[in-house]
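Letters are used for the chains, namely A, B, C and D, taken in the order the chains are written, and counting of residues starts over at 1 for each.
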Amino acid sequence: MAVRVAVAGASGYAGGEVLRLLLAHPRAEIGALTGNSNAGGRLGALQPHLLPLADRVLEPTGPEALAGHDVVFLALPHGQSAAVAEQLGDEVLIIDCGADFRLEDAGEWERFYGSPHAGTWPYGLPELPGARAALEGSKRVAVPGCYPTAVSLALFPAYAAGLVEPEAVIVAASGTSGAGKAPKPHLLGSEVMGAMSPYGVGGGHRHTPEMIQNLSAVAGEPVSVSFTPTLAPMPRGILATCSAKARPGVTAEAVRAAYEKALQDEPFVHLLPEGQWPSTAAVYGSNAALIQVAHDPAAGRVIAISAIDNLTKGTAGGAVQSMNVALGLPEGLGLPTTGIAP
Amino acid sequence: MAVRVAVAGASGYAGGEVLRLLLAHPRAEIGALTGNSNAGGRLGALQPHLLPLADRVLEPTGPEALAGHDVVFLALPHGQSAAVAEQLGDEVLIIDCGADFRLEDAGEWERFYGSPHAGTWPYGLPELPGARAALEGSKRVAVPGCYPTAVSLALFPAYAAGLVEPEAVIVAASGTSGAGKAPKPHLLGSEVMGAMSPYGVGGGHRHTPEMIQNLSAVAGEPVSVSFTPTLAPMPRGILATCSAKARPGVTAEAVRAAYEKALQDEPFVHLLPEGQWPSTAAVYGSNAALIQVAHDPAAGRVIAISAIDNLTKGTAGGAVQSMNVALGLPEGLGLPTTGIAP
Amino acid sequence: MAVRVAVAGASGYAGGEVLRLLLAHPRAEIGALTGNSNAGGRLGALQPHLLPLADRVLEPTGPEALAGHDVVFLALPHGQSAAVAEQLGDEVLIIDCGADFRLEDAGEWERFYGSPHAGTWPYGLPELPGARAALEGSKRVAVPGCYPTAVSLALFPAYAAGLVEPEAVIVAASGTSGAGKAPKPHLLGSEVMGAMSPYGVGGGHRHTPEMIQNLSAVAGEPVSVSFTPTLAPMPRGILATCSAKARPGVTAEAVRAAYEKALQDEPFVHLLPEGQWPSTAAVYGSNAALIQVAHDPAAGRVIAISAIDNLTKGTAGGAVQSMNVALGLPEGLGLPTTGIAP
Amino acid sequence: MAVRVAVAGASGYAGGEVLRLLLAHPRAEIGALTGNSNAGGRLGALQPHLLPLADRVLEPTGPEALAGHDVVFLALPHGQSAAVAEQLGDEVLIIDCGADFRLEDAGEWERFYGSPHAGTWPYGLPELPGARAALEGSKRVAVPGCYPTAVSLALFPAYAAGLVEPEAVIVAASGTSGAGKAPKPHLLGSEVMGAMSPYGVGGGHRHTPEMIQNLSAVAGEPVSVSFTPTLAPMPRGILATCSAKARPGVTAEAVRAAYEKALQDEPFVHLLPEGQWPSTAAVYGSNAALIQVAHDPAAGRVIAISAIDNLTKGTAGGAVQSMNVALGLPEGLGLPTTGIAP
């Protein structure tokens, strides 16, 4: 039976990627598409790559358009999801691609987002311990941030196995689509081509408390995170280089074994063979996360690196994967593990 | 019933793209994968984006590996297809992504390729007049070149309707994957990023006689082609800007009407609404060709522009589309018209 | 003796490039820098690559700031130059990087720009016949558009020598800086990376009448121009592929000889050796224009291709070159013919 | 009086950049240019951006060509410099852009480079404590590696002031020119555009011992380095994100003050104002290094980030700067602190 799906925020990058994936999903039937400033616009002009939906017209975001669906994806600016969700009732599965319901700690939410905390929903990263079970049958899903997805997948096996100290150092490079479609001077093509540049250095990025939440839960103790995001001259992709001090006695073999054990049954998280390192180019448009890990005995650190597509596994793919789990469908239904290269 | 498919040349860009598409094709069962210098290599190392095939190992190209399949795709360097095809017998459907069997004129072949002409096979551009019928049931397909695909789709409606003079002027920009995976200094990332550069100027590019063949057949008279290819700083995509002098009395309305008529039933060739122009970004990984056409009364010319993905519609997608036609399957089976953007 | 120079519009791409070149100019002393919305801003934040000027602060554009200089460069949006120029008096050398004073035909100006024609100033492309003499001692200079610079340099030798018919077909690819620094969605890095896309197709681009003006003057008869600009995924550079039908009897030797003769004494326009083609990568940041020409006997056309940096020779470099000529300084003073590569 | 300069390895990226800078150096007179496999080639074909040298022809690398100069730059593959240097005598200033003479510890050299240690020359990073004095009057200079340049400039103020623990964690992104001009499949434009990928993870990169050497000397105790280099989709630039645990009691103010003090007199190393972060785009073609530093109290770390052009300050610019110091010329002579942007 078809699952009828609406997408709020269909003109943005996250909404467009949700639609790209739903077009290939054998059970999804694409219903209402909504926008705010783009309401009334033809999708063919707004998202010309979604050719099968070219003649669709965006409706204004609100219950008129969004009611009557089995699933509603919210791909809205931060802070807008709660109001829309309230209007849709308890029976519809709402999958929020925004940040509003990710954090458990209201104080951290307010400190980083500057607005009242809306609540906490089951977290759409099924690979984390306990997360899959919490998603099954849920009517609400908070899709993780793109950076926390990449970082949590890279580091959770190390923390789950107690291999490393609770102080993680993370430097991640993201493609520009992570910054969204709103035009800003520093995101112009002229500015970003040829440029690697950091931002939110020193603990200021909003994804930091989400990483701390995830890693601390796995570690069973507070984990501090030094997180430096950088903007890379590519449209998509995150490469997260994560490391932490190895605990005494930890060996390369133990590290490898822990990662193999943690990831062996995951359909989308793939530990590469030894000697091969992840590249964002290999996951372009794919829901796969590629992982590799090394032990540097001279520096005394474990280095785990992940590559994901920030819009697929990092946003819309994770959202559809969570939808599958919540609805009791096969978790991988309609989700590619094949990227586009070169 | 599954169609068992082998791919010769699976480590290159064309072969990799054939595999990417076959992985999503509901009837294809991927059989042998072969290579030459890469025989013995793991596909996971050679094509890391093809994660579901990561553990496959390439066999040497030859009848030992390739026999026993329903379909064999040849993605080999020019000049090698005939010998392989001969060994495989008449009953297997052979789809040659190379140039060997595209040209009808042996003299032109020899002039441009410098080797004896191997013959002519049905031409895998179903959209050209008569081509679809010739492909149905055929056991041999010559997949068009990427540039001739883009150019022929842009201009055939104008020539079919007699709107323009038989002198076409074409400037096309191609992504670097069109030049293949063999490492050459001028194809290094350091060299191509930031660079637009022409090559084969003045009639020297091997795709020129193929364009002349296609357009002349449609026009019913010899069409001359001035073709300038340029290398663009992007991995994929062709933007072909094609123009010819308008015949006396031709109007913008007549041009639009001719294109609408010629393209209205095509599943993969899409005439954009007036005012919207094709971008390679909208067909990244898609088998669609986007077309727009204009009449410039001051210059007295009709300008037709197409955007395709050189590896999808321009090579592997056209190949799979032709396979579908040859086998009597629905023409669009397993082929995306959705691109990946941004 | 130092030449005291002010730059109006110092926060944009053209203004920034003027400053980059002036910093290396042995006679220029950089005076006032002005902006509109950016007035009050630190140049170090607005143009972080201009490190020696990092502590300069932009003043509001107007006579208060701009008076008292020997030279004023105007790098303003179209339509604003006349008012500023009027306030500065006749004795100051005003070099307008905008379009306002380029066209001779008021009707064409109004048709393409939709505002009253401000007048016509000596045209800052010294390489065109007669242009250098008109610039010497002038107190006013209209800097050419970037596309007309590339196209006129590529084609004027052919028209000057009467080699080709008066119907030019031009397809040019430009880096994104040609579209300026104002943030628009289609200019986002996420949109332009991986994208080749045309715009202003069919005679609509504002640089078309300027090309017609230049080529017609050289040809001594009206030349029609079919011009298709395309946006390429690179920050800088123009590659202009220009062609026209060869006149009867024209040979490759005659073409070569005409270009050699026309360009042999030019310090910035370089005809490449036969067999080598221009690349935008070779003129990155350079004031050189690289030219190559071919005769395609089968298509009966002469193809001339030029590569320039749109911000250097195409805007700011041409402006400084014109300043040198107007002031009686050595034409090449302070201007690089060395690009940055790779 | 002119300084007569030869460049061995003039067809590669480092040699080409040395020549680009020497062309703008008021005292340099460019003498012999040599190559190995490219000997006999025209520089205009090998380095088309060096237009003023287009007609120069490469001679074979050896004493025949290189003798009789005041300065010889060696831009050769690792392991070849010692033999060439020996043939040139003690009176010529030899500046080695390769690795051969950088390391003091023969064991570390042999472990990382697998060949006998050639010796140690004065180290061409004048900004390090004591380095400038050692370069003055020297006839031999070992130019630092590009990564060690970026990392040492970012971290030496912190170690000099005793602000951080002796365990540095570094993740750096480099443009592709850092990998040289030899064509390899993974460096093809098709592969690198859209790709961020790590390499040499876990302590394997050859620049690691050089960083350890520099930082340990400044710190006065052994500093361990966890170094992860990544390849970024841009031709030039290094962004180095470096961090270490803050020592007890260290404050943001103390960190800022230490960096201001350490860098205030440096002509090429620029501490950005608070709130502004370095971007590789701002140093494209410039010899400047941009630095910013932050204290993250939650994570307990000091994060220092530097941006350089790997070919300019990271190789050829550092080499020319060292030449200036060694010859007693003004240190900044002929070296740009202005980048090219956008």
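By our rule, contacts are C-beta pairs under 8 Å (C-beta built on N, C-alpha and C of every residue); 3 or more make two chains touch, one makes a residue touch a chain.
Since the model is a prediction, treat every value here as computed from it, not as a measurement.
Taking A-B and B-C together, the pair of chains sharing more C-beta contacts is B-C.
Same-residue interface: chain B and chain D share over half of the residue numbers found at their contact. Distance between chain B and chain C, defined via averaged C-alpha coordinates, is recorded as 37 Å.
One inter-chain figure worth recording: chain B and chain D are separated by 45 Å, centre to centre, where each centre is the mean of the chain's CA atoms.
Among the residues of chain D, those touching two or more other chains are numbered 13, 175-177, 181, 188, 190-191, 193-194, 233-236, 279, 281, 284, 342. Of all residues in chain D, those touching chain A in their complex are 167, 169, 171, 173, 175, 188, 190-191, 193-199, 201-203, 224-228, 230, 232-237, 239, 241, 243, 245, 277-281, 284, 292, 294-301, 303, 305, 307, 342. Of all the residues in chain B, the ones that touch chain D in their complex are 13, 175-177, 179, 181, 183-185, 187-194, 233-235. Note for the complex: chain D touches chain C at residues 13, 16, 20, 23-24, 42, 44-45, 47-52, 54, 176-177, 181, 193-194, 235-236, 270, 272-273, 276, 279, 281-286, 288, 290, 336-342.
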